[in-house]
Amino acid sequence: MVKVALISGSLRKESLSTKIAKSVGGLFPEGYETQFVEIGNLPLYNEDIDTQSNVPAEYTAFRNAIKESDAVLFVTPEYNRSITGALKNALDVGSRPYGQSSWNGKPAAVISQSIGNLSGFGANHHLRQSLVFLNMPTLQQPEAYLANSAQLFDENGKMNEDTTQFLQTFVNTFIDLIGRHQN
Amino acid sequence: MVKVALISGSLRKESLSTKIAKSVGGLFPEGYETQFVEIGNLPLYNEDIDTQSNVPAEYTAFRNAIKESDAVLFVTPEYNRSITGALKNALDVGSRPYGQSSWNGKPAAVISQSIGNLSGFGANHHLRQSLVFLNMPTLQQPEAYLANSAQLFDENGKMNEDTTQFLQTFVNTFIDLIGRHQN
Amino acid sequence: MVKVALISGSLRKESLSTKIAKSVGGLFPEGYETQFVEIGNLPLYNEDIDTQSNVPAEYTAFRNAIKESDAVLFVTPEYNRSITGALKNALDVGSRPYGQSSWNGKPAAVISQSIGNLSGFGANHHLRQSLVFLNMPTLQQPEAYLANSAQLFDENGKMNEDTTQFLQTFVNTFIDLIGRHQN
Amino acid sequence: MVKVALISGSLRKESLSTKIAKSVGGLFPEGYETQFVEIGNLPLYNEDIDTQSNVPAEYTAFRNAIKESDAVLFVTPEYNRSITGALKNALDVGSRPYGQSSWNGKPAAVISQSIGNLSGFGANHHLRQSLVFLNMPTLQQPEAYLANSAQLFDENGKMNEDTTQFLQTFVNTFIDLIGRHQN
């Protein structure tokens, strides 16, 4: 069983990124297990509160959730032309302590979205720059920029057909990448 | 009296970014007042907890501190090839609610630093991308990339002469920019 | 008379970026003179062919055109998630020889465009990163991302009303920035 | 036999990027063949001169050289906080005509260098943003940022021991990546 962590960059209960992450979770085939990992409870990263003798329980739980995953799918909105503070904080928490990054080597994929045209392009590529340092082989094509994201779901919360088909291709290609990186 | 907010991207008590920010604060001439603004107490931004009837007290205090400033100086380390989650969160908190951004129109300057060669280049330019959206006229030259930042201070916490001279020029040029954007 | 250089990132004769640049040129008020500066004839930058005794005539003409300008407006498409090689080459040519950059200190504004949703976001911000180094104070808001750019013009080559109004505001704000940076 | 194209972002005869590229070429083991591919003769990309009936001979030769390669190693200096115009132009030429990109699917690795501290960080990551679009799986760790590059070589043009060892690890990890992406 291959485990894929789903991470949404937005903390709102009705977040579109979260809805998309959960919908995409449903597109993985048998043999794959997806788990939505919360980031909203993580205290802002501060080395002073993250010492050998005293690690916040939320940090430990988050790091374990990532370590137990085989791959990570990020869905991110754009705040101020970058990823959210919450998502960046989660990257930082998972990357420490030095030499024990939870992210190391895990294949990743990025979906960005916005309610307008720009589709979170700035967030998408800022996130990718961090993934280089975190040593996560990242899906290149298909890039996933979702425009007009408020219109992707019908009143029952079902994602429209075109987007679903596109994201199915995206998931299939991500699965291929994951396969290539399983030693 | 022109007020300049000083913001450090790191929360550690012994943070080099914080030390640099406070040292640079001392380089402003008469007629300028600098204020170090804390960002470590800001809850992760979430629109659900930031409603008209219920705004976290820390958000309000932070937004007021920025609004009362005439300009902002950022000093940032690099975490995972970008700014810290804490700094991005502060940008997000100050930018809301929609249409009432505290940052709007205030001149900004950016110093990045690292203990190695790279000097926080990735953090420096990710921050600048957000400052475009936040509509903050930002000092271009001199760029301030501080390498080997653990060696900038002597045992009494005094910044070395060369760096101090460079940052004095930096401050002077920033003051020129601030002057051009007053009313 | 304030002189504004117009630079298009695309070399195609029917380039949308060029059409936009020329249309925007018409939105400057009395007292402003715009000049379209060609970049397609510049040999790829190579220090070996740009020596004190032997400078390509195209380099000299281009550098003079920029030096005689008071400000620069860039209109850029996106090629492979960045600016075009032609535009980057023009930036490089204008920036040399060391210490004699033609760009230095001149206010700049950036318009990016694409025929799809993404509006050249990647090109827009890559260009801005170079403008930091080139010391060009750059218009922050309004950012200009033009989506679906093939539909901006009618059959007579006239730009539609909404875009024209938006770009008039853009030009007016740019003029304000230029004014703040004249001596 | 696995073929690796070596591309240098600089056109100078005595270019440090070119020297590094050629030195790294010598670090590939048996079974690998490296080929230095020139980019300085490519006319600035312009769709008008690249039509079905009339393709510049230099474009065709360059595209064929890339197509015949199994992987690509880029060594880039930084000009104005980005890659050189020459390198961006080569990316553009190789990416066309639409739907026939020569780069598609080929594993890539990036080395950036500068004669100072910053090591071409800005060029390194701008290049990576293009490689996403070009669908080239790119080596994440080890990142290769070479500082003080004028001091890497002795008077006989031999790269120093530490750098050679680091780049041998870099090459070995790249070879692992190439292996993962062969069919």
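Labels A, B, C and D are assigned to the chains in the order they are written; within every chain, residues are numbered from 1.
Following the convention adopted for this analysis, a contact is a pair of C-beta atoms (placed from the backbone, for glycine too) under 8 Å apart; a residue touches a chain by one contact, two chains touch by 3 or more.
Not measured: the values here are computed from a predicted model.
A.B. asks: Count the C-beta contact pairs for B-C and for A-B, then tell me which is higher.
C.D. replies: Of B-C and A-B, more C-beta pairs in contact link A-B.
A.B. asks: From subunit D, which chain is the farthest off, judged by mean CA positions?
C.D. replies: It is B whose centre lies farthest from that of subunit D.
A.B. asks: If you average the CA atoms of subunit A and of subunit B, how far apart do the two points sit, in angstrom?
C.D. replies: Going by mean C-alpha positions, subunit A sits 28 Å from subunit B.
A.B. asks: CA centre of subunit A versus CA centre of subunit C: separation in Å?
C.D. replies: About 36 Å separates the centre of subunit A from that of subunit C.
A.B. asks: Indicate the residues of subunit C shared as contacts by at least two other chains.
C.D. replies: 81, 122, 125, 129, 132-134
A.B. asks: Flag every residue of subunit C that touches subunit B in the complex, lowest number first.
C.D. replies: On the subunit C side, the touching residues are 125, 128-129, 131-138, 140-141, 143, 177, 180-181.
A.B. asks: Note which residues of subunit A are touching subunit B in the complex, please.
C.D. replies: 11-13, 40, 42, 44-48, 79-93, 95, 122, 126, 129-130, 132-134
A.B. asks: What residues on subunit C touch subunit A, complex-wise?
C.D. replies: Subunit C residues touching subunit A: 81, 117-119, 121-122, 125, 145, 147.
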